[in-house]
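The data blocks that follow each hold one structure.
Across the two complexes that follow, chain A remains constant while its partner is chain B and subsequently chain C.
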Partner chain A sequence: MADQGGSQHGIARTSRVRTEEQRRQDVEKIAKYRDLDERVRKELSQKRYTPETFQLTSKLLQLNPEYYTVWNARRRLLIYGLFSKPSAGSSPSTALPSSSLTATTTTSSDASSSSLSTATPPAPDPPRAGKSGTTADEGDGSPEQAEESKKAEQDNDLELIKQELGFTIPLLLASPKCYWIWSYRLWILQQAIQRLPIPIARRIWEEELGLASKMLIKDRRNFHAWGYRRHVVEQLESPELGGTSLVESEFKYTTEMIKVDLSNFSAWHNRSKLIPRLLDERKADDTARETFLNEEFGQIFEAINVGPEDQSLWYYHHFLMLNLVSPVGHPTIAPALTRETRITYVIREIEQIKELLEDYDDVQLIYEALIDYTLFLCQFLERKPDGSERAELVSWLDKVKKLDPMRSGRWADLERDCGLVEERPRMMTMAS
Partner chain B sequence: MSSSNAGNRPEEVQLATSAHVKYIQSLDTRKDEYDYWLTEHLRLNGLYWGLTALHLLGHPEALPRAETIDFVLSCQHESGGFGAAPGHDAHMLSTVSAVQILAMLDAFDELEKRGRGSLGGRAQIGHYIANLQNRQTGTFAGDEWGEEDTRFLYGAFNALSLLGLLDLVDVDKAVKHIVACANFDGGYGVSPGAESHSGQIFTCVAALAIAGRKDLVDADRLGRWLSERQVPGGGLNGRPEKKEDVCYSWWVLSSLEMIGRTHWIDRDQLIGFILRCQDTEKGGISDRPGDMVDVWHTLFGITGLSLLEYPGLQPVDEVYCMPKSAVERVLSRYKK
Partner chain C sequence: MGENILADTLWDVVICGTDLPQCLLALSLSRSDKKVLHIDPNTYYGGSEAALTLQDADEWAARLSTQESNAVFKAPTISRSKSAPNLSTRAYSLALGPQFIHARSELLSQLVSSRAAQQVDFLAVGSFFISKAASDGQRHSMIRIPSTREDVFTTTALSMKAKRALMKFLKFVLNYEGSENADTWKPHAEAPLAQFVEDHFKMDLELRSYIIALTLSIDGKITTQDGLAVIHRHLTSMGVFGPGFAAVYPKWGGLAEIAQVSCRAGAVGGAVYMLGTDIKDTKTVDSISEVELTSGDKIKTRLIVKGNGGAEDGTDISRLVAVIGSSLKALFTATVEGAPIPAVVVVAFPADTLTAADGTANKSPVYLFAHSSDTGECPSGQSVLYLTTSQSPHSKEVLGLALEKFLGSGDEPETPQALYTLCYDQSGGQLPGRQADDLNMVLPSLPLSLAFDDTVLKPVHDAWKHVMGETAVDAEYMTFPERNGGMDDNDDDAYE
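Take a look at the complex of A and B:
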């Protein structure tokens, strides 16, 4: 399983012998932490779903944001204690408080005797009554009063949602790779959709794009933040939030991110995913699509010209080339290009890359690309490399083998697969 | 494959087996360290990491069997799922670790006798996991709160197949979901649309392997991307232009192994990198040379060395991340 946090990354190894002073401090910290943990467990086991218990979970999570069970307890505290009423989205679970709260998963009631989740009460008194000054059950039932109490409930929920969004920000800034904080925050945002009027919920979600951008300024490659951004965009585009497509602005965002840092493969990747939709929504005709493809080629080549050692750039170039030579089975940028045009473009790219060799004759990725694309061309034309191609392939492969002895096994396989050496058995058979 | 003489390289460090065994044994005795308490949410995972490392090092008895089983079972809920430690909520990640530990210890009989829930035993765990499948998309959530990730899909397949209960879930739909996570570079992400990431590639390819659908992997394209994860110095990184890290010796290498392309990287240089990350005196392996060790990197350093056939280590199964012998023993129960 991918990194779950809790493991050490990039922390220098120090002497593991602690001084007497350090040991004393540790003992103190442990006592404080365990005391707080005990208190939270006790409050929850006695079903005290109060703002005070809520405060205790805040303290505990500030000490340890990886403590997922406490994030769960906090969700339960909100649903069964602090929010105005169970949301429409969680209605099937009101009878079984700890069962699934999402439409997609249905776990059975999880009432183990050993868990904090046992603490879930069937129907606790809502302690927020004092805060909002009213509850849905009060009043004489006149339409005005119903309206008013609904408003009060929404205000209460809005305040809680904002408070939770505020609570998680410093934790995210301190632990940007902690899965639990990200998923808790998304859960809170989901509550906004379920409990607040659409325009208000929408405004909250819109602000999330700002957070995603901020996190990506701090770490341009943080895949949590990129994933979060895609998720937020998807929600903002959804009918649930009265949304419309954001593909143009998101595409522009990738352009900006790339301008700041050409090596940002996360941005190039997102761009590759946005393009098919972008062109569809622009209702781009065949000419517009061809122009678009050429502009992408122009832009990436310019970048490669400056930094041919950068893998990210070549991956994106490779993606564009696949659009030319492998037009079936996935959305492509310019599906209507004729066979002749495709061949012309592939040859144009190969020739341009060859010119790079004049300035950079010892950059392995250039030779790799030349080999790849020459083979692309042959495959596309359904023929074997001709005499001059074969000579070029041999010389490029020799170069790659010298520049990159680390992957000699791969180059040997490639040499054999292109028919450049005598047939011999593969070193390892395909495991499948 | 470059010829290797990993067994006698006087100028290089050797694997500090006994130090690593002592380090892993010491992990549960550190209750006077603050970190011990801060990492309680990883206790069951940590036990799996440590136990697997010990099995691969050839010291399966270094942790007491009966106490280990008692602890694992004490983490189970009535739902069948396991929490990270007693008092922690059930989650897919700890449930998978529990199943893997019980499988390694050949303790499924104990589970049948003592497991919680109305169905009891393996069936209750299978029920818990199967309920976390999203029947619309085929993927899996980590728990009742619904976070979805291909890590959980792999975990579900791993545990269910060890329990002989894979037919409780919609395997075809899950396979379709994995295919939707594929990218043009041959890799896979957390969910459809997400960037390729070595950890996620491992989970997707291994899940396809369990489903018997490795034919869906673009092995050449993925193989080249994975081989390009090796950087000067011999270590592997997780994505383009990132730093190398010992845990990717597992995610990248096991994926290469599953598609028959392990020889596309430099074996000796990777062995050298992992060995340089050891704390040879006090035991344990870190992400990079000179950093703090932890049990996570200790395991994935050792599994990496095992895949590279470093002498003296038990062979690791590239799909299950457990000793091959344990996987074969468990799976043979269900083969008729």
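Take a look at the complex of A and C:
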């Protein structure tokens, strides 16, 4: 139960404060829940994989989506009861007679849910479970009948999959970071790959990508959603879904998300992860790679220019700088850059950042970057800071010490490591 | 409606006119047990903020031409393009009050808490643009005015240094009430904002024109104090209802729709409505007003509330309303991922950018509000433009020029054409409402600002207090529960 106060990235979490009336209501709810829990456990222990049991799990999971045992039970109910059986012959004793399975939908009055309309509504009609179970047993064996029965099976499974996807949506809206729901959803999506023809499975996964985008609009820094997105993209690119690379569109997506909000660690991070494959697929030669790197530098600097206090931007700039000064053999964006070119670009970046000081004289991250990059440069040139560099480092460190007095120890260490402080022997003096 | 009810009731208030302030008063009283009679000499709701079909507009213009010279609206002219097809009059709803409403506006809070907002479809107001002549001096192009950090990041129209200056200003405005920043601007509170940003933020002419455009200042001379407040409201309204927009616009004619919805709520609450009716005569008898209406009815009331009509002081504007035979689709695009398609877009022509035939340039900015057919103000495939500028001997010519430049600035192969235009002058009342005496109150008319100005809400609240007398509870003002068996769906997505 994730009921704690506070917020994540400004998205409020639900919190609970109870009055006496609410306490009474809660006690009632707990009793109902316990009753439901017992019933479900009883049915399952007796291996009664019936539609009624299935509906009980729906109710229970709506109340407690973290109850992973019941999610597992639901999976079993689907495999042994509702999904079509694997090829002819098997008819488990626990097979279901055909009966209606109305999906238990919950209404969500959350305003954003109406915009989150999933294209996978719960199935209103009974799945033809019984029919597929029996036709598989009919042993005529003619190709038309086999194909017909296969189609009926796939239709059945498709309806179930859509229904289950629809079932998880309101649960996800209420508990967007509950691993069990996401894991179940992924399992259902995996069933789609296994059971459905490729074009249909693909469509379902494409809709899933749409869902991932919508979740990111709701909370654009939800790192679960970014990780999920990467997983969905990976599946869409896989041969199982007849996929081709999505790296260009995913790269463009990070650009769009950055335009919505520059301050998005996950978007910049995702971007950095996509670059190697992007350049490979473009078959970028050395010139193209150099151009690309400079364009990235240009863009991040435009961002820093308007948001110098934003750490996520400096992290990305740092990532690009590492591409310049990394040791040879390390995979980088433009590995073929000559030493002279690298030095030129590092100096260019340092000079540009210095210009920012004209208008932003109290932004700590700017001074920190200048210090870091000057040290990078010196290391790269395999020498210590020269006279004018030392003067600059001292003045920047002075500024940082004033802006961030709480970390004075850290700055003192840095001063020493840069050799900016004269080491004096400690002397005992006699009080006079 | 039996005459007896009118004559036999001792009315708590007779509200005259259905301009927005009067309608909001009716809304505020709609759940009370006060007896409200609401009349309007017009045969339609909305008064100075009404929405007109083309036929309505013809009649309205004809009436104005015969009226006295101190009326609110003056000098109407209508023209129809000869090549235009016959325009179906009822397909149009031209707004006399095309103000949009910022997300942080107090009006919106009141509409929500009074449940009136549920009856209104709110559309997104999109970007603000500056229109300026390209280097050849002839054709105009439009530049989006950046008002968030991300906007400033994306724009290609500013140098790095100019971007830094703009960012510093935006940050300053966001915290302009903080003590340090207040010390900086308060000494210049009454000086022009343009001067303040030039001196304190080193902004050049171009950047200053962006800032003034954001304020929608009619004469371009808005003071530092007022300008900072307006920009602050704009910036803090950004993103409140969704990414990419700061303000909303009611479908079906802007403030006219709010007026309609408010009166409807009043009527459901028991108020009696009489259109085409005015006050003919009043006299005071024993602290009660005895009123004769133009309908012949004689009624008694404790209080009469009127609007302040055509006031002499205040800004005067000229407006041009143009129906365009093109959807201008390229203009109405969402600018960031997840933003809604806007139905309204603002284009500002700064002072000195439009040159009249005699060589004089416009002394005041021109503001063009482009409305797509999503507003319900015209059929799909067309759009409506509302151009506003300070009234002057040149103002109509200046408006025509701005329209021409705007239509010529698009990328469409064929220049869009105006099918119909309505032009008029409007004088604004900035006089505060006043309590003339115990029996009479005057509500101010809306200021002519292009974005809704919340200052009119206090006089409405005061009038409500007067009507409610001792039973007034401030905390309950404009705060109503859902009506049982409500007429419309309880739609939480009122702001879609």
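For this structure, a couple of remarks:
The definition used in the following text is that the second predicted complex is superposed on the first by the 347 of 432 C-alpha atoms of A that agree within 3 Å, B and C clash if a C-alpha of one lies under 4 Å from a C-alpha of the other, contacts with A are read in each partner's own complex, and residues count from 1 in each chain.
Quick note on the criterion: contacts are C-beta pairs under 8 Å (C-beta built on N, C-alpha and C of every residue); 3 or more make two chains touch, one makes a residue touch a chain.
Nothing here was measured: the structure is a model prediction, and the numbers come from that model.
In the superposition on chain A, A:23 makes contact with chain B only, while chain C stays out of contact range. In the superposition on chain A, contact of A:288 is made with neither chain B nor chain C.
In the superposition on chain A, A:67 makes contact with chain B only, not with chain C.
Of the two partner chains, chain C is the only one that A:307 touches; chain B does not reach it.
Taking chain A as the reference chain, the count of touched residues is higher for B when chain B and chain C are set side by side. When both complexes are overlaid on chain A, the residue A:217 reaches chain C alone and has no touch with chain B. By the touch criterion defined above, A:259 lies against chain C but remains apart from chain B after alignment on the C-alpha atoms of chain A. Put simply, chain A uses residues 109, 111, 114-115 to touch chain B in one complex and chain C in the other.
On chain B, the positions that touch chain A within their shared complex are 1-2, 32-34, 37-42, 45, 74-79, 81, 83-84, 86-91, 93, 96, 116, 127-128, 131-134, 136-137, 141, 143-148, 151, 154-155, 183-185, 189-191, 193-197, 199-200, 202-203, 214-215, 217, 219, 223-224, 227-228, 230, 239-242, 245, 247, 251, 257-266, 269, 279, 282, 286-288, 290-297. For chain A in complex with chain B, the touching residues are 1-4, 6-14, 16, 23, 26-27, 29-30, 33-34, 37, 41, 63-64, 66-69, 72, 75, 98-102, 104-117, 179, 183, 186-187, 221, 223, 226-227, 230, 263, 265-266, 269-270, 272-273, 310-312, 315, 318-319, 322, 330, 405-410, 413, 427-432.
Contact residues on chain C toward chain A in their complex (touch as defined above): 149-150, 152-154, 160-161, 163-165, 167-168, 243-244, 336-338, 492-493, 496. Of all residues in chain A, those touching chain C in their complex are 109, 111, 114-115, 217, 256-257, 259-262, 302-303, 305-307, 355-356, 358-360.
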